[in-house]
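The first chain written gets the first letter, and so on, giving A, B, C and D; residue counts start at 1 in each chain.
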Amino acid sequence: MIAQLNTEIVIGSLKLKNPIMPASGAFGPEMKDAIDFNELGALVPKSITRLPQPGNRTPRVCETTAGMINSIGIQSKGLDYYMKYTIPEFAAYSAPLISSISADSVDEFAEMSEVIGNHPDVDALELNISCPNLKGNGEAFGMNAEVTESLIQAVKNVTDVPLIAKLTPNVTSIQDIALAAEAGGATALNVANTLLAMAIDTESRRPLIGNIMGGFSGPAVKPVIVRMIYQVSQVTNLPIIGCGGIMNGKDALEMIIAGASAVQVGTASFIYPTAMPDILEEIKDYMKRHAIYDINELVGSIQVD
Amino acid sequence: MIAQLNTEIVIGSLKLKNPIMPASGAFGPEMKDAIDFNELGALVPKSITRLPQPGNRTPRVCETTAGMINSIGIQSKGLDYYMKYTIPEFAAYSAPLISSISADSVDEFAEMSEVIGNHPDVDALELNISCPNLKGNGEAFGMNAEVTESLIQAVKNVTDVPLIAKLTPNVTSIQDIALAAEAGGATALNVANTLLAMAIDTESRRPLIGNIMGGFSGPAVKPVIVRMIYQVSQVTNLPIIGCGGIMNGKDALEMIIAGASAVQVGTASFIYPTAMPDILEEIKDYMKRHAIYDINELVGSIQVD
Amino acid sequence: MKQHFMPIISNQQVSSRYWHMVVDSSRLTSPIEPGQFFHIRCSQGSFPFLRRPFSIYRINESTIEFLYLVKGEGTQEMTHLQAGEMLDVVGPLGVGFSLDKSADTILLVARGVGIATLAALAQEAVEKNVKCAAILSARSKDDLLAADLLQGFGAEVYKVTEEDGTSDVANVEEIIRGILKRNKIDGIYTCGSRRLSRLSQNIANEYHIPGEIALEEHMGCAMGACFACVCDVKEDTGVKSVRVCLEGPVFSLEKVVLG
Amino acid sequence: MKQHFMPIISNQQVSSRYWHMVVDSSRLTSPIEPGQFFHIRCSQGSFPFLRRPFSIYRINESTIEFLYLVKGEGTQEMTHLQAGEMLDVVGPLGVGFSLDKSADTILLVARGVGIATLAALAQEAVEKNVKCAAILSARSKDDLLAADLLQGFGAEVYKVTEEDGTSDVANVEEIIRGILKRNKIDGIYTCGSRRLSRLSQNIANEYHIPGEIALEEHMGCAMGACFACVCDVKEDTGVKSVRVCLEGPVFSLEKVVLG
């Protein structure tokens, strides 16, 4: 008898049939021609804002060594469209739907979370607290521990679905923010959003991104993210979703071994449309090769001495 | 007549014949076989500690995608050896000598700076405030604005040589730290030291670095450093020395255009021993091609609209 | 939006700055239309990292061709790909040109490598018995690619270059007005230059000729997911943001907002 | 510590896990010693990023040879280098073996690819009329490289493998004691295994035979600047940290601290 592999991961009330899911903003319904959405651990559409917004000027992406910078600016059709069209579209798949929310204030986060979180087809919320807090001094919510705690708390008060706080890596102590999110009532932590970055075309002496700066993703950032996953896993017991730079199964395993229960794949899908199912296969191969039949045994299994 | 190129950069009392210098820890007297030290803008030996210290366990370096992680742990022969042998060895060259100092407390920084800064052959001090403050909670000095300010202040009180604060990029707001260093009396800012990072060998499930985490350098980090140079240049008038990921003249120019007056080259020299002179040549070629005869015109010349 | 590996048949330099690649497309099942593009990995290694978009220059029985300008790292790497190796592509992607079978003559206005995008349309025109007039604009005569190809299709080709001092908008306008006098133009198609696009837009407007434009924008996913590649088009209800990779790269010349 | 580009003459697989490369070293001016190494760029592209250190396997009139194990990304890439391309190296680096001309016989204890480092010494021994006994240990017989080469040098070669169940330390010890009974061994040289190094150290100690060991450590600069590659050696004044790339890779077997 061949032993069965268990790849199921439980995050609060959320059951993922496997730990592989897309990263918000790097996934859309258009990708259904390339991969079977039902084979993903979860579906995470692009962050939604309350009101429609146009996004930033182009160019919105540029390539850097082993990475890319993007500044899309959360181009969004707004909450009404999202409720009417986006949720039903993704609800058609068996994989759980995690709605990513961006907002300009704590109140707006709560307002939107109440509406989206209470939709029966939404299985969890991912709070993109890396966006700037317009009511604060414009720094991202997730750069401040108190703001993070009160934001999660406010959302927790209006919905019962699992809350994933998507942390920004642009902080002095990711542990402090992680603990604040935990104190506020987060169910899980996404470690992490993009690093703030910039690139300049030396010939024209202009920024390569219309918005000057943007979010840095891709394999270049992975060592920073792995470090943060490890640091966060040392201070909290919350499940961690690793995100940043995963290109293949080995990268995903590195994050899982560092302490992530699940992982998100963004940029890789731009280059390999089938990156997500391929990564899952590579993880399964690794498990077989190492005779590890339950993925949960790998989570945080790093050996340090 | 061919117009002369001016590559001279002035940083306080420090005159650099060109903006290219080595990054501390990635340069040593052994490299004199490969390049002519007199052709460098300055010489920056490895950070020195007061007492001899053995450094960290091996492996001390590992490769990641387009970058490397190191955790040497400031292996050092101590201040006495440095005064007796290291300074005279580097003083033999015409390029100015910038001594990099690492210490465990503000007092120790001041103590060492007094001794080293007042040596007639030392032209400037670079304060490596990215090392952990053992008298604090172990976080790096440069992660805290007040500590940064009082550290620079304390050193300023004991020596007149130009002080370069080498900032850590592992902070929420590099601008705040830059302003604190300026308030403390820094002559210039090095932006920046390495990003804290980690990598795991998935086969053995062990960290690839003996010390678990280490400093991330190489082209992968450049977009984060360019962003920070730009941010810092927006808030202070201090000259900036850009450092992190420069592999060629274009990378150096990117930092100069973003706002750096000079740049340091670390990892690149490991791969191309002649990286520094090659970069200088590429910069000169660029200047000729663009008919820019004074490098100072390029500093901070980014066009945003 | 499937990934395919297509055997490279040839990859050759055709002028100082341009290369031409032929790949075996016989295993592709989806139909390919002029104006569509492929998202291509430029090297056999892992870098450059992102794919690059390239139009389909010619569509043959069992091969397709690309014509590309060596611009930066990606296209530089592409020149190292060799016959026998596999080209890693995603596509065909996007919406191509629409060409009315009943058209008499169409006008192509191409600048530089824009001809790589319009050539396949000229080929389709021949097949549909539609006549073709083409203005090819380039920096130098060496960059005037595909003129022979178009003439071979029976097209009436006008070449303008900086080198000859003939490529200014005013001169191109004069040529176009001359063509319009002599022919019944039922469609204007343009690619490769903002100035010539504006000119084409104005003329199409003035003469009430329908037109199409193929746009270029920096891309991330090239499959509609990331919203990197947007541009604006006019709608009855106002301006709408559309994705060049999914809703384009070909748009109505009348509706597109040229920044 | 100069960078050189040496034409690759051949680069071939010699067993399931090992490859062998010959390069033209005729333009190298510095003398090369057994035990020294080169820091090599494994690919023609920019990645992998860091160089990798490789011992000089054979030193010939106008060529040098490398023998390498395909381990990870770097050595994998190295297999793609082709005859006619240039190998980008920095070196020769480090301190090589010292071999006393007056020695009668030396003993080499090599594990796995460690033989790539010791082979050049065997070659020098032949040239100096010093006899050679060698123990080659490997996972499998397929991995027993260079046995023929050494035998060609007239060396007395003992092969032990996991496959044959002969590679345990106890058995190697027995072989060494046998060799010592039959020969006047004036030097023990080892590379490639911590267990066999300890054994060699103990035996050298017991029999008062001088010995040397070639160490491996992960490297950054390979020119003494970064202190990545340190190990400890015993000195009169205590333990001293030394750099494998500069003060090594060859160290006194007696003095090295085997972790």
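Throughout what follows, a residue touches a chain if its C-beta (ideal position, glycine included) is under 8 Å from a C-beta of that chain, and two chains touch if they have at least 3 such contacts.
Treat the numbers as computed from the prediction; the structure is a model and nothing was measured.
Ranked by separation of Cα centres from subunit B, the top chain is C. Subunit A and subunit B have centres, each the mean of its CA atoms, that are 34 Å apart. A separation of 47 Å divides the Cα centre of subunit B from that of subunit C. Look at where the CA atoms of subunit B average out and do the same for subunit D: the two points lie 36 Å apart. Counting partner chains per residue, subunit A shows two or more touched chains at residues 65-67, 219. In subunit D, the residues that touch at least two other chains are 46-47. Taken as a graph of touching chains, this assembly forms a single closed ring in which every chain touches exactly two others.
The complete set of chain-chain contacts reads A-B, A-C, B-D, C-D. On subunit D, the positions that touch subunit C within their shared complex are 43, 45-47. Residues 1-3, 41, 46-51, 90, 217-231, 241, 246 of subunit D are the ones that touch subunit B when the two sit in their complex.
By the touch criterion stated above, subunit A contacts subunit B in their complex at residues 64-67, 69, 139, 143, 170-173, 195-200, 202, 204-207, 212-213, 216, 219-224, 226-227, 230, 245, 250, 253-254, 257-258, 286, 301-304.
Across the interface of their complex, subunit C is touched by residues 25-28, 30-31, 33-34, 46, 54-55, 58-63, 65-68, 70, 72, 75, 218-219, 267, 269-274 of subunit A.
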